[in-house]
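Here it is, the structure, as structure tokens.
Chain lettering (A, B, C and D) follows the sequence in which the chains are written, and residue indices restart at 1 in each chain.
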Amino acid sequence: MNKFTLSTIVENKALSSDVYLITVKLPFRIDAKPGQFCILRVNGRLDPLLGRPFSIFDLEGETVKFLYRIKGKGTKILSEMKENEKISFIGPLGKWYPYPEGNFLVVAGGIGIASVYYLIKKFPERAIVFYGVRLKNEIFFFEEIKKFAKEIYVSTEEGEFGYKGVITELFQNKAKNLDLPIYACGPMLMIKELKKIVNDRKCYVAVEERMACGVGACLGCVINTVNGLKRVCTDGAVFELRELIL
Amino acid sequence: MKPSLKVKIGSLELKNPVLTASGTFGYGLEYSQFIDLNLLGGIIIKGLSLKPKKGNPPPRIYETPCGMLNSIGLQNIGYEAFVKEKLPFLRKFNTKIVVNFFGENLDEYIEIANKLSKTDGVDALEMNISCPNKETKWRKMGTEPELLRKAVKEVRAVVNKTLIVKLTPQVTDIAYMAKIVEDEGADAVSLINTFPAMVVDIKTRSSVLGTLTGGLSGPAIRPIAVRATWEVCKAVKIPVIGIGGIVDYSDALQFLIVGAKAVAVGTANFINPYATVEIIEGIERFLIEEGINNINDIIGSINEKANNAYN
Amino acid sequence: MKPSLKVKIGSLELKNPVLTASGTFGYGLEYSQFIDLNLLGGIIIKGLSLKPKKGNPPPRIYETPCGMLNSIGLQNIGYEAFVKEKLPFLRKFNTKIVVNFFGENLDEYIEIANKLSKTDGVDALEMNISCPNKETKWRKMGTEPELLRKAVKEVRAVVNKTLIVKLTPQVTDIAYMAKIVEDEGADAVSLINTFPAMVVDIKTRSSVLGTLTGGLSGPAIRPIAVRATWEVCKAVKIPVIGIGGIVDYSDALQFLIVGAKAVAVGTANFINPYATVEIIEGIERFLIEEGINNINDIIGSINEKANNAYN
Amino acid sequence: MNKFTLSTIVENKALSSDVYLITVKLPFRIDAKPGQFCILRVNGRLDPLLGRPFSIFDLEGETVKFLYRIKGKGTKILSEMKENEKISFIGPLGKWYPYPEGNFLVVAGGIGIASVYYLIKKFPERAIVFYGVRLKNEIFFFEEIKKFAKEIYVSTEEGEFGYKGVITELFQNKAKNLDLPIYACGPMLMIKELKKIVNDRKCYVAVEERMACGVGACLGCVINTVNGLKRVCTDGAVFELRELIL
């Protein structure tokens, strides 16, 4: 059941020059599953007008965390918000990652880790994680992931840390033939590469599109799929990769 | 004593003057998780056509200063699916169901109007003559007086429910268009629809939408909508539904004061799913504070003497 | 190498495509305390009439979501005082002086156009055909094609400087109006002027302005202005000056990309007196980053294929 | 000479539920005179769009103070701003109170004190101050004014403190026949009452009108005077009372 409420910022912490972890407290517990997202909106002013969608990074009772990167105006303003300020909250929205039965593979590119972290955490010691970033200092929550995951492989563009290159290469080298379901989130380029590798295997990806309502009413967030146009907010954000037309 | 919020649009009695604007409230279902639909004056359904319509390619929305662009392109599930899959759910609520409709040409307009007129559970029809995102020979129906006259006349002939005609702001004299609509027997007019507008991504040098232009809605256009509503209210005797950028109760009251019998709330639903309910509550509170017992006493109460006193 | 920012509007050579919009930069003097006027492509002066004009009663401005209403009512000091008291100061700067003008009727338009055309130090004329705040029989000049045709023809006959005609957005097909202007020999069109709009104070139930309606400007209307500019640029061969809600360099570039040769900055001056200069610097920086040597290479470079790729 | 610059908030302190004192620091010293004002604008967002004018309450080198009451959206947002945040600043704008030659009378109603405080301070022990408020807790800087002024008389509506009634009554009782120039700022009602009392005496009042540019360019802030329309921003905000059509 989705809720619309005012939440209170408990902490809004810079993890790097442009990536932040925000913790908000709701007036009640919510129940959300990995892959779901929420829409946060700064109140009181009409510019920016719309809320911004963020994946649930972590959740405990009435406390929800989001990991976000400053992309434009909305995320910039969000990053400047302080403890105790109020922010409006709609969620949890959308479909979740179908639960894995046994072990599973995770492919995360950059801030895409925000979408899969909670999945890795929820099913401890079952995820084989592939996490690619450009630079070493863009790896977040490495220790935690290491703790929750069964295995973790990291790539950086210049090889500063882990494998040198993109994460899909590393994935191809290590996991191509593992018959496990795949959960992926990252930039479009990564998803496209992944598609070439995984063919018809079970692969779930969380995708992004601009949103207005977040609840399936405005038809603003549609994407092309082999089954026609689908709404990212309610038919997704998690889709099967083979369904997507990239 | 609680003030009366009841208003009449043609033969349609609304429990309060707050409706949801077409296309911004889906088929009602989507928002029933947040608000009690029984509280609404009415729900205006997303634009419906005879056949399902795919709409425009993504991306379809973009935020602008205090507004948003959309190029949904009237995507909808079509008449049959609406009646089978959506209407039964909607009918569970004690609120008025107004169906916004359009066609690719006048024949289609007439056909769907005819069907909706005969469909149980549909309380009123709203004819969308703007369709800014659509290209057909009837595309100018909203802006050419003689096309509008013919269209309304022929649609009116097949509709024996309350018929509302929704005007586009993309004309020089919207009051003149409203008068045509009145002359041809419509029961009410609603206004405004979105403005054709455009945002360019300076890096890619192309539109930020999947189409070149979209429709601008939201608080940015409210002052234009209030002016247009005022002009129309002065020109016609049929009820007027004011639309455009309404976010809170005071915005809604502006439209009522210039003469609108009701308002419809659009973009605001996206930023606050409780918007409609809060607006209804706010209007009621305002009436109590002002000692007004009946909403109809505030409708059209604008003081047109130039306000030459500052505070 | 620094990119060239030079553009031509008729016979007028601008050092860069950034002008100040009429009515928002006074007579230039007011902003010379903040910025070096020599840096500007040009200054479009507040609307001028033959005789001084008192304008509308206060209050005259009101803030709206991402915009503002004004009902200045074309207050100005009149032709004589302008030439005597303002022009000598303006001529000290190396920038183009464009005088926006209007009359109460066509005769007055012709008379002041004639005078300005013969006035040394006036580089170009901008004919304001909108005058939303003014009531005369020529009030519809901006919206009725045949009135516009006659007005432009007769004004053109007496002006042998660059003649720019400024269009109102309050029409269905602004490109059609622009074509009339082109046909009658104007050297350029500028657009858009403000939208007639209204805000009601719900407590007093009267307009927040001293008049009932005012003109809406600012970022709120920018997406409409970009769309209108794009449509006009496709329809005419004469240069187009894009106006409406430009706040920063990227806003200005949107207008250039859809085909405007130059832009004019209005409301933004109020919120940032350095706006014009920052926009000029921003455009230059952008061209350098994009490896473009000449501003004219970006003008009209819009990619009209639907942008169906996201990110 | 007017400046446009980014200023930094040094302090933004609530003095009551709706009156605040904000202290901003400019990158340079400015020179301003009592009765002048500045325009403050919250940056980065376009709603609210325009800056808001405030009288210079006090000034020292590059540090400027404004005393303001929350009236609507802009002042509400201003009141929520914190130390170290940036705010754009245009000023000092407008005409100042013509300097008094000897002693002078001051009539301030409510937040109108903001406009005359600096005048009282600048000419110590010369001002005979009449300061009216509704409630006792709306008297601000009483001790300071007492220190700088020659005399101070206060009124409250219910007589909680000082005279019971409106300040113009007290002024009439005490100062009607003093042949000194008057400096006044307060609500329109007070100015209108004052006009009845002072007739043709030298009386300078600071008036308010909505502003856009603040520099005389937009003609948005005009008011009616016996000499025609005048711009509050550049022809005022200080006018001679006999000039005003109220």
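Operating definition for what follows: a contact is a pair of C-beta atoms (placed from the backbone, for glycine too) under 8 Å apart; a residue touches a chain by one contact, two chains touch by 3 or more.
Predicted model only: the values in this text are computed from it and were never measured.
> Could you let me know which interface, C-D or B-D, is made of more C-beta pairs in contact?
C-D
> Would you mind pulling out the distance in Å between where the CA atoms of chain A average out and where those of chain D do?
The separation of the two C-alpha centroids amounts to 52 Å.
> Could you tell me the distance, in whole angstrom, between the mean C-alpha positions of chain B and chain D?
Taking the mean C-alpha position of each chain, the two centres sit 46 Å apart.
> Please tell me the distance, in whole Å, between the geometric centres of chain C and chain D computed from their C-alpha atoms.
Those two chain centres are 36 Å apart.
> Between chain B and chain C, what is the gap in Å from one C-alpha centre to the other?
Chain centroid spacing, chain B to chain C, equals 33 Å.
> Give the residues of chain C that touch two or more other chains, as numbers and ranges in rising order.
57-59, 65-67, 218-219, 310
> Can you tell me which residues of chain D touch two or more of the remaining chains?
46-48, 209, 223
> With chains as vertices joined when they touch, what's the shape: line, ring, star, complete or other?
complete
> Would you mind writing out the residues of chain C in touch with chain D in their complex?
Listed in rising order, the residues of chain C that touch chain D are 23-26, 30-31, 33-34, 46, 54-55, 57-63, 65-68, 70, 72, 75, 218-219, 247, 267, 269-274.
> Touching residues of chain A toward chain B in the complex: what are they?
So the residues of chain A touching chain B come out as 1-2, 4, 41, 46-51, 88, 90, 209-224, 228-229, 234.
> Help me check something: in the complex, which residues belonging to chain B touch chain C?
Against chain C, chain B makes touches at 57-59, 64-67, 69, 143, 170-173, 195-202, 204-213, 216, 218-224, 226-227, 230, 245, 250, 253-254, 257-258, 286, 298, 301-308, 310.
> Under the stated contact criterion, what part of chain A meets chain C in this complex?
So the residues of chain A touching chain C come out as 46-47, 187-188, 208-209, 223.
> Looking at the complex, which residues from chain D come into contact with chain A?
44-48, 76-77, 82
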